Amino acid sequence: MNFASDNAWGAHPAVLAALAAANDGAMMGYGADPVTARAEAAIREALEAPEAVVRFVSTGTAANALVCAQLSPPHGRIYCHEDAHIETSECGAPEFFSHGAKLVTLPGADGKLAPETLRPALRVGAGAGLNGGLSALVSITNATEWGTVYAPAEVAALAAAAHEAGVPLHMDGARFGNAVASAGCSAAEMTWRAGVDALCFGGTKNGAMAAEAVVFFDPAHAEGFDYRRKQAGHVFSKQRFLAAQMLALVEGGLWLRLAAEANAKAQALAEAVTAGGGRLLAPVQSNAVFAAIPAETHARARAAGAIYHLWPDKSAEGLDPAPVRMVCAWDTPAADVARLAAILAGH
Amino acid sequence: MNFASDNAWGAHPAVLAALAAANDGAMMGYGADPVTARAEAAIREALEAPEAVVRFVSTGTAANALVCAQLSPPHGRIYCHEDAHIETSECGAPEFFSHGAKLVTLPGADGKLAPETLRPALRVGAGAGLNGGLSALVSITNATEWGTVYAPAEVAALAAAAHEAGVPLHMDGARFGNAVASAGCSAAEMTWRAGVDALCFGGTKNGAMAAEAVVFFDPAHAEGFDYRRKQAGHVFSKQRFLAAQMLALVEGGLWLRLAAEANAKAQALAEAVTAGGGRLLAPVQSNAVFAAIPAETHARARAAGAIYHLWPDKSAEGLDPAPVRMVCAWDTPAADVARLAAILAGH
Amino acid sequence: MNFASDNAWGAHPAVLAALAAANDGAMMGYGADPVTARAEAAIREALEAPEAVVRFVSTGTAANALVCAQLSPPHGRIYCHEDAHIETSECGAPEFFSHGAKLVTLPGADGKLAPETLRPALRVGAGAGLNGGLSALVSITNATEWGTVYAPAEVAALAAAAHEAGVPLHMDGARFGNAVASAGCSAAEMTWRAGVDALCFGGTKNGAMAAEAVVFFDPAHAEGFDYRRKQAGHVFSKQRFLAAQMLALVEGGLWLRLAAEANAKAQALAEAVTAGGGRLLAPVQSNAVFAAIPAETHARARAAGAIYHLWPDKSAEGLDPAPVRMVCAWDTPAADVARLAAILAGH
Amino acid sequence: MNFASDNAWGAHPAVLAALAAANDGAMMGYGADPVTARAEAAIREALEAPEAVVRFVSTGTAANALVCAQLSPPHGRIYCHEDAHIETSECGAPEFFSHGAKLVTLPGADGKLAPETLRPALRVGAGAGLNGGLSALVSITNATEWGTVYAPAEVAALAAAAHEAGVPLHMDGARFGNAVASAGCSAAEMTWRAGVDALCFGGTKNGAMAAEAVVFFDPAHAEGFDYRRKQAGHVFSKQRFLAAQMLALVEGGLWLRLAAEANAKAQALAEAVTAGGGRLLAPVQSNAVFAAIPAETHARARAAGAIYHLWPDKSAEGLDPAPVRMVCAWDTPAADVARLAAILAGH
């Protein structure tokens, strides 16, 4: 009963099969192979973005931080939510890769930036002068770190604010599939049609072993990116094995089916929380449940072997109700979900 | 009537005289000259710290950022007030020099960090793991960015919290003289006796042209620092001209007399603010006045030619009362102070 | 007939099987899984180094550059051969990760550093002062970029020179298996017993998809390394899939058998070169052949579909004899080797 | 008798007078002062470059390294002479500021790059791909580190090679005055008319205390430079005191007169070397003499109290003839020059 994270779970059989299929004799290295070409094309197609530049890396931190360095100078200001993964969970990777950019963090309900806070912050940035640095990038996460999902219209509103200030918009899509599946829109509607300039399209949390795609919708934004990826040690020599994972997920739409499964499991937990007298800390719109549950329920779940995190950290141990984060993956066993749901619902 | 900043004013005649005196034929470069030796010794003596390592640089940003890089790895967490100069006014220099350290900013009344907020933040940091980075440094500014002054006991309390967490304490002393003169303590009581590990001892805002001393009270903290200073382009070949400035200020205690003059001028303005129906936004303990003054008073001051900043920025124009920052230097003319005070007092 | 590089070839079936086996439900992420623990232990055992710290990354560039950053400050001097991979083929990754370290390159026959050139260079470095930076690291590659192999005694002589100068020795072992198999020694004799302090133990060129181990023989050298790896985006969330690859290669000694196969294939080509009137440009001691072959032979090889690089680059096209680099992998088909050998031998 | 370096000597009285004159009450900080405006204009005029962007910093290392970072990405290749100051004497500052750029060093007689070596190196760079990085900048020093001077035509030939390869040309002019005075051309002929894109115009070695100007002839090259300078801690708050130094040197042509004096003194020493049976190691075209002098002459010079460096370092002690570097400044006393010349001439 592991609900600690979606990355605690495994790889989809189709991914393993794709790796085996890609293991087909000699191919040129460093991305000059047919698997990479097919995978890049598949992602462009999934995004309806025939001009986009697509590149693969193996971790979400690498994807995000390389985009930050690509789009921000060392003296740049990168605007993000105060709970953004790039701020809280990447050990300073954006600062390291960009050589000093400053993350300007903003509050926002349900883990979301809002135009009402972003616009004034960009105005402050525009007047920050040499002291404060140069506004360079706005970054949002979708699905967010609180399991909520920006609808395309919300993305568009933030993109408008960013573009008015002359800076591009980045979407950290470590759980991009969960967001798109939840919103019921197309991948294009969620991204470039709404004004997203750069997308990190996550595979790892959605059935890959370790694979993420970095997408620049405007090729001009990608100039020199291959050098950055190389200099950071993120170009695989046998890149076919990176590309094959994304190819398996994207071709045929597997990524959306897996994400929808994970979302549905979280929904089941969310309903159980409410039924059991708990309170959702944020709307459950993707594959994570943030909830305050009765301490007694928490104790029973733990006793039953359920693994999940107290939120935001262990210091919450002992509180009643207990604030918790429970994350579902496409392959979280249905039986586990049912069992935890029963406990949460008070049965 | 310039109250925009203490760095809008000039250099003390003694500093100019010291430069002329140092211009005495050939000396070895890069700090291997007798002026540098004397200046380092003078600062060690002023601090009663015979073992301290003292080095000179030309700007406060360089001093602070080099200390940050010296004491924090790229993956370090540096704790500071949310209004700290290193956060708001150095264009990301600490992140740049350290290669990615993260400034963890904390709120605090009157521009001061308090142990009650620092301790929990250090606890969060201790549990932040690889995601959040490694707690590396606590940095305070004295006098603060709000013109207030930490008393030695307050410094000691913060040092205790830092040291319990295993991290050193840095004091940004761009206005160190103003702080010491205000507190009426010795420079040693304000620093190493209270637990400060590294001090940026500012000269520029206190009568120098451009000179700051970096002081490590424990020589072990200074290992390799000379290389960092050199690699950052902050080693002067004719270093005697940097050292001579600090020597002129420190030898004979000129620095404290100048700081006391500046403080007294600010005190006069503060009293006028109160007399004139304005409100001090923070206690005036050094050479800066933060106040909300009647819009009409503000208009009259402007009309009279007074230069100062609205606070925190121009967006405050038009407010009533008007939030303003007025800074005095040792050489702000007494007549200017009297004239502005009269306006502030409503005469 | 692909002899372009060993990374043009695939992954060993045992590696694929290990990935499938590791895909076994939920495990904790970021290395806190049993596969990682087993793989780290297997490498410590293969190296007879029970105290060593072992960490996994996905590329050789990441492995090398992270070691450089770990062992050199930004102002460090890293001594290496002028043809070292870290100098010629990593796009400045060591400088990027270390934040400015300088690679001091030295000539040397057959791609090898020699104590006779290293010692004077370290002496120059010791006197380089602030201008030249601080000697920080010596780095060698084994097997070298010219396909030669340092014997343990040669490694020991370089380690002695480095240690006399107070700096550690790094071995870039992208082809570590090829070196050990060639030298006929133990992995321990090739490394820590000869004085190596840090090893990059390559898997990718020897049957893995993308997996390298970084090994610090003295745990003190590894302090903070996990943060560096994380900040660089090189910590996999599902790390079991990285570790499983190395585990498959190391457990049971597969890595040495595969390397020996590749070496033997190169030996066959080398003999053919000589038989066919070509000249070896360096002794063939691992899995790469550097040779000057008759232009006519080169033309026939190309016509037969053989893929390999002119050396050092395409500008050599048209020379007679033609300087070429031919690399064998464990899975280069025996038929391809025989066919190319026949051409090289002039049959 | 100090001939160790031109930075062992002092500041010109006009510089001191200019500092005193600039110490005139309040001015706005950070370059928004009239002295800075006048100094920038004076340099534009001296260079006949009305569109050029001029900025001041306090050290030559800062000037050079900031230009490198401005014109090269982290993955850039910067081509320079193997004895270039940026390679040998800046502790890795270009790598540090640029975040990883690689200095590609080339040999060349008399400390000069030649088109015949630069062009092939740029060709190699153009084919270096991701492994080798992106050609970004060519950097030359004038006067060179060997005391020689590129004539405008030589600069133009190198600029042509650089521009053909699509990269700009930087001139490290720490001794720019010595070069221009020696060549007898205009500052414009030596720079932008010959194709120089960025110039570091040195003041420190030519009568300033610590002042250098960075000049970008094409304003497009300067975009964002002010942020870089600020983030590196190289923006003075009281910038008038930096600008005043350059103003004093440039207005009225003092810089060229001082440089010519220093050059003439070196010429006197050079003639004495030859007369006394020594051999010049490079043509003496500026203010430094590199010579092999009889050991006995060396001993007599030392005994007489002459200070200068053995070349390239102390390891040359004891050689006969003794390789030495002797540098003259504008203020090296004529008597010292005469006395050393007499010894060198064997009198």
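The letters A, B, C and D name the chains in turn, as written, and every chain counts its residues from 1.
Definition applied: a residue touches a chain if its C-beta (ideal position, glycine included) is under 8 Å from a C-beta of that chain, and two chains touch if they have at least 3 such contacts.
A quick map from chain label to UniProt name: A, B, C, D = L-threonine aldolase.
In this text the structure is predicted, and so the values were computed from the model without any measurement.
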Neighbouring chains shared between chain A (L-threonine aldolase) and chain B (L-threonine aldolase), ordered by label: C, D
Of all other chains, the one whose Cα centre sits farthest from chain C (L-threonine aldolase): B
Comparison of B-D and C-D (more C-beta pairs in contact): B-D
Distance between chain centroids, defined by C-alpha means - chain A (L-threonine aldolase), chain D (L-threonine aldolase) (Å): 50
Centroid distance [mean C-alpha coordinates] between chain C (L-threonine aldolase) and chain B (L-threonine aldolase), Å: 50
Averaged-CA centre spacing for the pair chain D (L-threonine aldolase) and chain C (L-threonine aldolase), given as whole angstrom: 41
Separation of chain B (L-threonine aldolase) from chain D (L-threonine aldolase), taking each centre as the mean of its C-alpha atoms, in whole Å: 34
Touching two or more other chains - residues of chain A (L-threonine aldolase): 74-75, 90-93, 96-97, 99-100, 130-131, 133, 227, 230-231, 235
Residue ranges of chain A (L-threonine aldolase) in contact with chain C (L-threonine aldolase) within the complex: 2, 4-5, 7-11, 16, 19-20, 23-29, 57-63, 65-66, 90-93, 96-97, 204-205, 209-210, 227, 230-238, 241-242, 307, 331-332
Interface residues, chain C (L-threonine aldolase) side, partner chain B (L-threonine aldolase) - complex: 30, 73-75, 99-100, 130-131, 133-134, 224, 226-228, 230-231, 235
In the complex, chain A (L-threonine aldolase) residues that touch chain B (L-threonine aldolase): 74-76, 88-93, 95-97, 99-103, 123-124, 127, 130-133, 313-315
